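Each of the next two complexes has chain A plus one more chain, namely chain B in the first and chain C in the second.
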Partner chain A sequence: MIWKRLLPPVVLLLVWQGLSASGIIPAYKLPSPVAVAAGLADLIQTGMPPGHLLHVHIYYSLQRVLWGYALALLTAIPLGLLMGWSHTIRGLIEPLVEMIRPIPPLAWIPIAILWFGIGSKSAAFIIFLGAFFPILLNTISGVHSIDPVLIEAARVLNASRRFIFLKVLVPGAIPSILTGMRIGIGIGWMTLVAAEFTGVKQGYGLGYMIMTARDIQRSDEIIAGMLVIGIIGLGIDACLKTVERQTIKWR
Partner chain B sequence: MALKLEISGLKKIYTGAAPGDAVQVFEGIDCIVEKGQFFTLVGPSGCGKTTLLRMIAGLEPITAGNILLNGERLNDCNENIGLVFQEYALFPWRKLLSNIEVGLEIKGVPARERQAEAMTYVEAFGLKGFENRYPKELSGGMKQRVAIARALIANPQVVLMDEPFGSLDSQNRDKMQNFLLKIWGERKDTILFVTHNVDEAVYLSDRIAVMSPRPSKILNIFDINLKHPRDRTSLEANRIRRDILELLDLAE
Partner chain C sequence: MKQTYTAVILIALMVIAGNGYSSETLNQPIRMAYLQSDIHHLALWVALEKGIFKENGANVEVKGVFKAGPEIMTAFAAGELDMAYVGEAPSTTAVANKAARAVVVSQVNTEGSALVVAKNTTGINNLSDLRGKTVAVPGHSTVQDFLLRRALRENGIDLKQVNIIVLKPPEMIGALRTGQIDAFIAWEPYPSKADTLSVGRNMATSKEMWPGHPCCVLISDHGFLVGHPEDVKAVVKSHVQATDYIHRNPDEAVKIGVKYTGMDETTVRQAMQNVHYTYELSIQGEKEYVQFLSELGYIHLDDPDKFVDYFINPDILKGILPQ
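Showing the complex of A and B:
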């Protein structure tokens, strides 16, 4: 029943609109839904700062996320597979991982700016850090979750270590890797916006857009920007869910 | 020289954390399996039947003694030995056909060739129409047929089967026993079969070795000189079954 699922948000919007119209909630703190929609239209047509249109902000933000995320995938998955496979490698790397992992990605922002300057590189680095650990840990646990009898089945068929790694451990770990990828992109997307709060050189990015709107007290555009971020996050997760369903039909 | 699997003075001790924790599984197993023979090990659960198969397959280190195949020592996984697991151990992410093919893939047989060969197994094993199903979509009996096909396609000299029908209901078990006899009758593989079901052993085997509880040894070896298809309720089958059960009871 789709109407049952739609009912709560519709009621919420109506109540919110009512409270705003009657002046109970002051517009400078929380603009009405209608005002937010108008703010969204402004972001699309005029831009914030003016001339900097919404879709270009989205483009820059997505680009930073993709760079950071791609880097995280390329490093965390192979490293996780190796750490899951070999006790020696795990023993060597795990203490380092456990030391760095508790540091929130956002705490890296100052040093990232020092290393990479203000701009896309810093933001991508922060996203990389946010996505890296969930992907790594889920890859390791994916390898460990493989039924040992499957490895024995391959060994009995005289499989090489290479075959066991590529054709047993990798496919067996994929469901867990995909879970890590979903968590990783979620955290990456969250950290992106915060990373952009601290500034971007190019003058584009959703986080930067919201902070600029705050500077000139445009709460309608702030909330419209927040909604855009939420909807894009939802869209990314839906894409990955589809990928997940397609890849692990065998489960 | 005819193929022969020879086990002599085989011992297995699991060393525990403390010196007193060591468990002796076998105190010395001797037996010979000849080419084309259907050889079955029966014994109480925990007597180490599975451990023995795993040692022959190269999955478990040998504490003392020898396992010889045609006079050569076996101590690692080896393409001459195949193993069918009780819990099937099919790769869940591979479709049925691809599960059967995997042994050939490991040997480096080109894709087209190995698919064609796997298809002949699909047909002979009554799996036609299911080639593109994942293991989760198959019944227990079908999974075990896939597992047997996967072991046989690599043409090992000896096929080990570890209670392959243990998790099937009795109707499917009977069907799979007849199916295995049919396949074996055509191919004349050398089979070393493990079960705790004496009825199954008498129905299938040329020879039955009866093992004692731990630390186990072979108590006696029975030759079953009954023609296939066998009558499960014949006087002769009953007599052998009774002899084996008595021996097992005495050993408890």
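Showing the complex of A and C:
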């Protein structure tokens, strides 16, 4: 079965390489797979800009994502649980959420630079905005998805509000929260790269690296950088998927 | 399934391959680009405002206003432009790295950038003081990036000791004001603007960093030059006349500069003092660019002299200027 899954990418690479080699696709528009692989090697060994190696770019990008994401988790999950739990709180906060949610995180960049300066804090803030809403909404819907009979039963058994909240609502909402976490990190990761396009004080970051490769007109390194971003995104998602599977098993 | 995949992939690749530069541009306007608020490109604005292009039969259409040179070069690679006013460093890098095929047909200016530090700073008085500091440049492989690195090296400063970061010029003044950067280097009128806003002061003009250094050039797509030599000639002729116009009518040129940069007259007038408007090409200057860009690892050329021969094309200019 594995060969069936591998077939499309292999066919794509072969056709791509063939078209590049025959000159149908000019190298300046789309370098061949072999050239992209060489670009990746350059990113690892020489770095872009020269001296700024790939693994350091990855380190800085991941750090920004983790800060922004952690902040989003710490705020969105409690808020989502409260909003799912209490109609009053939800009624108070929902209009605000609905107003801010449609603003693309990237539209915040100029104001983020004003508030947090150029660099990691700004990027983390943009990632926070990207990850916050999917987590929040999924947490709320997670609470709502709990069978009211369960809560009713707990009430009948004289459980305290605190007990119901912690022992019924939170565990019941976890699968949906995990889905939100997966969507959130995906959006956060995508947003990061764009956030780093504007420039970062530390001089490191995958988005910054791609922008530099563009400045120096190295399309092979641009595509290699895109692949690195894709692979890391895939890795993060795979980790969360495993957590998700474990949790469902536990249930 | 396999056939569907292959078909989809083929179509996608054909689309990528197919939309390049075509020669079906007969009698169509000459697609031109320049940099936002870059006072170096004043000759273009003068030629547009004073109808000089029309007089010479050049149907010029501004196709794009860009924020930095590398973006213009990407537009060339995409086949979206015929000619442009752009810095010599980004155009050299793009052509040397085979991203775009373009040649320089005229100089636009020499000098005209400056290194700016915060007005009240006392700790930075010369280039050596930049050790351990954060300095913003408009982009890697821009003229200003080049000037800064060259000047640092000439002063015996290891490039690793200075944190060089990229910021777009409109953001530089704000970043300097809030202390996020210690200095920036940019094209005029941004250094003058920092001065008239009382945010920064010129620590060194690019004239002091490298006297007479080439800066912006007028470039033409290689295919366009081959297919439409008369159009290119008309543009270069207009450019020469517009450059002369700036020298003869500086006050009128200031007004046009104010209109296109959106900045006040004091700033524009001060900025123009630092720019030398000229159409004379410098082969030696280009050789220096090529050598230094190679040393930085930005470009890799087997035969630098052959590249310079290809890239700098003085023939059109020679045909226009009186011998």
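Note that the second predicted complex is superposed on the first by the 249 of 251 C-alpha atoms of A that agree within 3 Å, B and C clash if a C-alpha of one lies under 4 Å from a C-alpha of the other, contacts with A are read in each partner's own complex, and residues count from 1 in each chain.
The rule is simple: contacts are C-beta pairs under 8 Å (C-beta built on N, C-alpha and C of every residue); 3 or more make two chains touch, one makes a residue touch a chain.
Being a predicted model, the structure only gives us computed values, none of them experimental.
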Between chain B (first) and chain C (second), which does A:Gly117 come into contact with in this model arrangement: first, second, both, or neither? second
By the touch definition at the top of the document, which applies to A:Arg5: first (chain B), second (chain C), both, or neither? neither
Quick check for you: in the superposed arrangement, does A:Arg214 touch first (chain B), second (chain C), both or neither? second
Chosen between chain B and chain C, the partner touching more chain A residues is C
In the overlay, answer first, second, both or neither for which of chain B and chain C A:Arg162 touches. neither
Given the touch rule stated above, what does A:Glu152 touch, chain B (first), chain C (second), both, or neither? first
For A:Gly172, is the partner it touches chain B (first), chain C (second), both, or none of the two (neither)? first
Intersection of the chain A residues that touch chain B with those that touch chain C: none
Within the complex, chain A is touched by chain B residues 57-59, 77-79, 81-83, 85, 87, 89-94, 102-103, 105-107, 134-136, 150, 154
List the residues on chain C that touch chain A in their complex, please. 2, 5-6, 9-10, 13-14, 16-17, 20, 68, 70, 73-74, 77-78, 90, 93-94, 97-100, 134, 136, 139-142, 160, 163-168, 171, 174-175, 178, 180-181, 296-299
Which positions of chain A touch chain C when the two form their complex? 7-8, 11-12, 15-16, 19, 24-30, 46, 49-51, 113-114, 117-119, 198-201, 203, 208, 211-212, 214-219
For a test of understanding, state which residues of chain A touch chain B in their complex under the given definition. 147, 149-150, 152-160, 163, 167-168, 171-172, 174, 248-251
